[in-house]
Structures are given as structure tokens and as C-alpha cells.
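Listed below are the structures to be examined.
In what follows, chain A forms one complex with chain B and a second complex with chain C.
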Partner chain A sequence: MSASFAPQCTEKKKSYDNCFNEWYNEKFLKGVATVNECEDTWREYEECVQSALAEKGIKKMLDQAEKEAPFKKNGVLTGSEEVSFTKDSKN
Partner chain B sequence: MKIFSQQHIFGYSWEQVSSANWKKYPNEMSTHVIAVDVLRREIDPETNILKTERLLTCKQAVPRWLLTLVGGQEVSYVREVSEVDLKKRTLVLRSVNLTMNNLLFVYETVMYKPDPTNPTFATVFNQEAQITAFGSFKRLCNKIEEWSVDRFQSNASLGRAGFESVLNKVTNTVHEGESVLEIMTERVKEGVFLKNKAV
Partner chain C sequence: MVLWYRSEHNYDFNFATVSLAYFIRYPNPFASHVLSDDTIERFVDAEGKLHSTRIIYKQGKLPRFVRPFLKKVGGTWILEKSIINPQTCEMQTWTSNLDHRRILQVHESAHYKSKSLNAPSTSVRYDVSFSSNFGSWGIKDRIESWSYTRFGENLNKSKKGMFFVMSSLKEHGWNKL
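Coming up: the complex of A and B.
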């Protein structure tokens, strides 16, 4: 499991990742998930990571990226033509 | 701007590939990715699409001549937004670099979907990267863009071999716990269909 950029958050991230990966394989991919069920571990990890982002000045860069490629629009870069991969059938 | 695109087919189901996507790092093939953080994750109650925002932390991998010009940084950051659509069976990832983007801006789109000719057992990987270098000196910008092309090409065979081997491990041990699943590899960079367009 990958580390967090903030060492103090790595353990919390591991707990969350474990929960998420099980949920993803056992519920989401099987089409029986309607909510993300890892709220408890998520909250702990998120709190840790968000404060570290602000501390290290990464939050500002992320805010800028959010303006240019909003989460709501799936990270599509504003003003850029969406890549459709239409010519993707091989051979 | 230069555009790179490539395609590859993996002999694994879309479900296996999409599951492995969350467990890519760390792995011995892509040691430059030193951390991955989940910043936001939502499941749409109507469409059931899972959306995730992540921060990838990388050790800087730029040539010395470039660092001399722009000043060195220890790490660089990439922000990625992804969507998993279970109904369409697609996984799309879009990434931009957060650091040094006043000099070089990379916007990458990756899509995994079932291979239409073998949808149960094979997955098509498509990647396109738009690379733009900014600066007052055209020759320098061209050099930076060329270097970026070289980076994509040099990572190619390594990335492909790594991803295949990891998929193999994940597939064979999917119920044996997390330790083996942790070994995931970098986004595949084998230049199968390398297109190099100068704009």
C-alpha cells in the first residue's frame, strides 16, 4: 500500500485503503454498492491529509487545478478538447 | 504543444484492471512515485459512478540542464481525477501536474475499457498526453518538449512489463490478502502508437 505524502497520515491512509479496496471488490464491482461504506476510516484520514496539504502549501496548487479542471466535470481541462479515444479498436 | 497517444491490450478483465488501478504504487518499476493520497471520493446516487481525486507525489525526474535553468525542487505533485462507470465498464483518469507548470504543462487522459473483440478477458488501455512548454525562447521550449517525448519513450518497455507482471500477481492472489496486491506498477508507457505532433 502506498504511503501518504504526509508521514503522519500513512497509517490512517492504510486503514482507509484496506476498507476501500474490500468495498470496491466485494460491493462496488458486483454492483451492490450504493454508498461508500468507509466513512469512519475516511474521516480520520481526510482530516490528517487536509491539514497537511494546507501546511505544505499544496492546497493552493490544488485549488488552482480545481479551477482549471473541476472535479464536477471529471477533471476535464477547461478549454481543452475532450479526448474520446474513438479510434481505439486495434488491428 | 505535442501530443502523445498510445494503446495497449491487457489480457485481463476490466474488473481486474480497475481493481488493480487502486493498488499500483509502490512498485519496483516506478520508484519515482513515492506517495498517493485520496483527496475526495464520491459515488453518484443516480448513476452509481465512482469519482476520485488523488494526489500523486513524485521524486523529481528532470534533467540537470533543466533544473539549472528553473531551480530544483525535491518533489513534484500530480493531481488526478478519475471516474469508474460500472454500467459502461469504463475507467477514465485525467491528470495534470501541479508543480513546474509555469514551465511545462502535462494533461494526460487514460481510459481502460473492455476489448470489444474479447470483452470478458481483455482490456483496452488508451493514453493521450498533451505536453506544452512555456517560455520566451522557442528553441528552449522545443528542447523541453523533445525531452518530454524521450521520457515517454524511455519508460515504455519497463512500464509494460511491470504492469503485465503485476496484473498476473493480482489475478492469481486476489483473495490472499493485501501484501501481494500492493505491488502495482506505473501507468503503462509503452509506445505502441506513438504519435508526435508539433503544433
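Coming up: the complex of A and C.
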């Protein structure tokens, strides 16, 4: 399992990933559950990652990329056959 | 100018294995330049599709001739989005670099599809575009064709990585990795 970019979050990431992989494989794919059962591990991991993202200034970069994201069409991820890649006209 | 690359491939693994392998494909021996991956958003929508957003950090691989223009040559952040529909056995993924976007934007989307959850193979189509807004036309073209040329070998490596992870999954199961 790979590390988190923030070393202090790696253990939390591992707990969450373990939970997610089991849920994905045993429940989600089989249609047994659509509710994510990994809330507890997720909350701890997310909190850790979000504060590390803010600290490192990555959030700004993320927001910018989301804004110009060519993969979104009415807020929905489009299939590759529908995606029209537009070139950034700035600069 | 924007350069395009399309490639199709067939994995001899079922959809369950391929889609899970996508999430756990790092680390693998063919991706030693990938240092981390983190999930920053995940939810199941009203139609039962799983949406994930992840960020991946890779050791930088920009062409030598643009290095003088960079403040520092570090790694590259990649944004990855995916949507999985377990009913139709389809997975749509999308990635793009988060930094150095003025120099080069690489958008890669992939569409995975299988006939059923346990059908023995899954097909995938990759669509990739390269575009640069950097400096003069000469440098732009060089950057775009440099990336395009590299992409074939990179895609090959990432297929090998996926194959490695899928084989271990098939042999050992997800909980032994």
C-alpha cells in the first residue's frame, strides 16, 4: 500500500484503505451495500490530509485545476467519447 | 496545437479485479517514481456509482530543455477522478497534472468496460491529449512532441504495473497485499 504525501497521515490512510478495499470488494461490487461503511477511518484520514493540503498550499492548485477541468460537463464527469478538450485560451 | 493519443487494450482479468487494481496500483515495480497517493473525496451517488478523487505525487519528469524556466524541479502533482458503475461494469477515469500547467497539460481519460462482473476480460480505451501554452511556438511544439513520444513508453509501463497488481490480486486476494 502506498504512502500518504504527508507522513503523519500514512497510518490513517492505511486503516482507511484497508476498510475501503474490503467494502469495495465484498459489498459495493456485489450490490450488498451502497452506503460507505468506512466513515470513522475516513474522517480521521480526511482531517489529516486536508490540513496537510492547506499547509503545503496544494489546495489552491487543486481549486484552479477543478475550475478549468475539461472533464466536467454540467458538473458531471463525462465519458471519454463525449469529452472535448479545450485549450486554455489565456496566455 | 494539441496532440492526441488513443490506445486500446484488453486485460484478461474480470472487472472486479481490474477496478480494484486501479485503486491499489501503487506501489508496483514499474512505478518507482510514484511517491504517494491520497484520496481526497469519495461518495456514492443516487444511481449507485462510486466517485473518487485522488491526488498522486510523482517524481518530476519534464524535458531537460524547459528546466531553466522552472523555479525548481521537483515532483508533479496529478489529479485523478474516477467513476465506477458496478451495474454496467464500467469505470471512467480521468487524470491531469496539477502543476507546471503553463508548460504542459496532459489530460488522460480511460474507459474500462466488461460484459459482466465475472466475465474473464475487461477492455480499456485510453484517450490522451498534450497541450502546452509555453513561450514561442517552437518550444511549445517541442514540449508537446516530447511528451507524446514519451507517452507510449509510459503507458506501456503503467499497463505492466496494472498487470502486476492484477496478477497478485488474482493469486493472493485483496487482503493479502
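Note that in this section the second predicted complex is superposed on the first by the 69 of 91 C-alpha atoms of A that agree within 3 Å, B and C clash if a C-alpha of one lies under 4 Å from a C-alpha of the other, contacts with A are read in each partner's own complex, and residues count from 1 in each chain.
Methods note: a contact is a pair of C-beta atoms (placed from the backbone, for glycine too) under 8 Å apart; a residue touches a chain by one contact, two chains touch by 3 or more.
The structure presented is a predicted model; accordingly, all values stated were derived computationally and were not measured.
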Which partner does A:I58 reach: the first (chain B), the second (chain C), both, or neither?
-> both
Can A:Y24 be said to touch chain B (first), chain C (second), both, or neither?
-> both
Intersection of chain A residues contacting chain B with those contacting chain C?
-> 1-6, 9, 13, 16-17, 20-21, 24-25, 28-29, 31, 34-36, 42, 45, 49, 53, 58, 61-62, 64-65, 69, 71, 77, 80, 83, 85, 88, 90
Mind pulling up the chain A residues that touch chain B in the complex?
-> 1-6, 9, 13, 16-18, 20-21, 24-25, 28-29, 31, 33-36, 42, 45, 49, 53, 58, 61-62, 64-65, 68-69, 71, 74-77, 80, 83, 85, 88-90
Chain C-touching residues of chain A, taken from the complex the two chains share = 1-6, 9, 13, 16-17, 20-22, 24-25, 28-29, 31, 34-36, 42, 45-46, 49-50, 53, 58, 61-62, 64-66, 69-71, 77, 79-81, 83, 85, 87-88, 90-91
Any idea which chain B residues touch chain A in the complex?
-> 7, 9, 15, 18-19, 22-26, 33-43, 45, 48, 50-51, 53, 55, 57, 75, 77, 79-84, 86, 92, 94-96, 98-99, 107, 109, 111, 115-117, 124, 126, 128, 130, 174, 178, 181-182
Okay, in this complex, where on chain C does chain A touch?
-> 2, 16, 19-20, 23-24, 26-27, 34-40, 42-44, 48, 50-51, 55, 57, 77, 79, 81, 83, 86-87, 92, 94, 96, 98-99, 101-102, 105, 107, 109-111, 117, 125, 127, 129, 131, 133, 174-175, 177
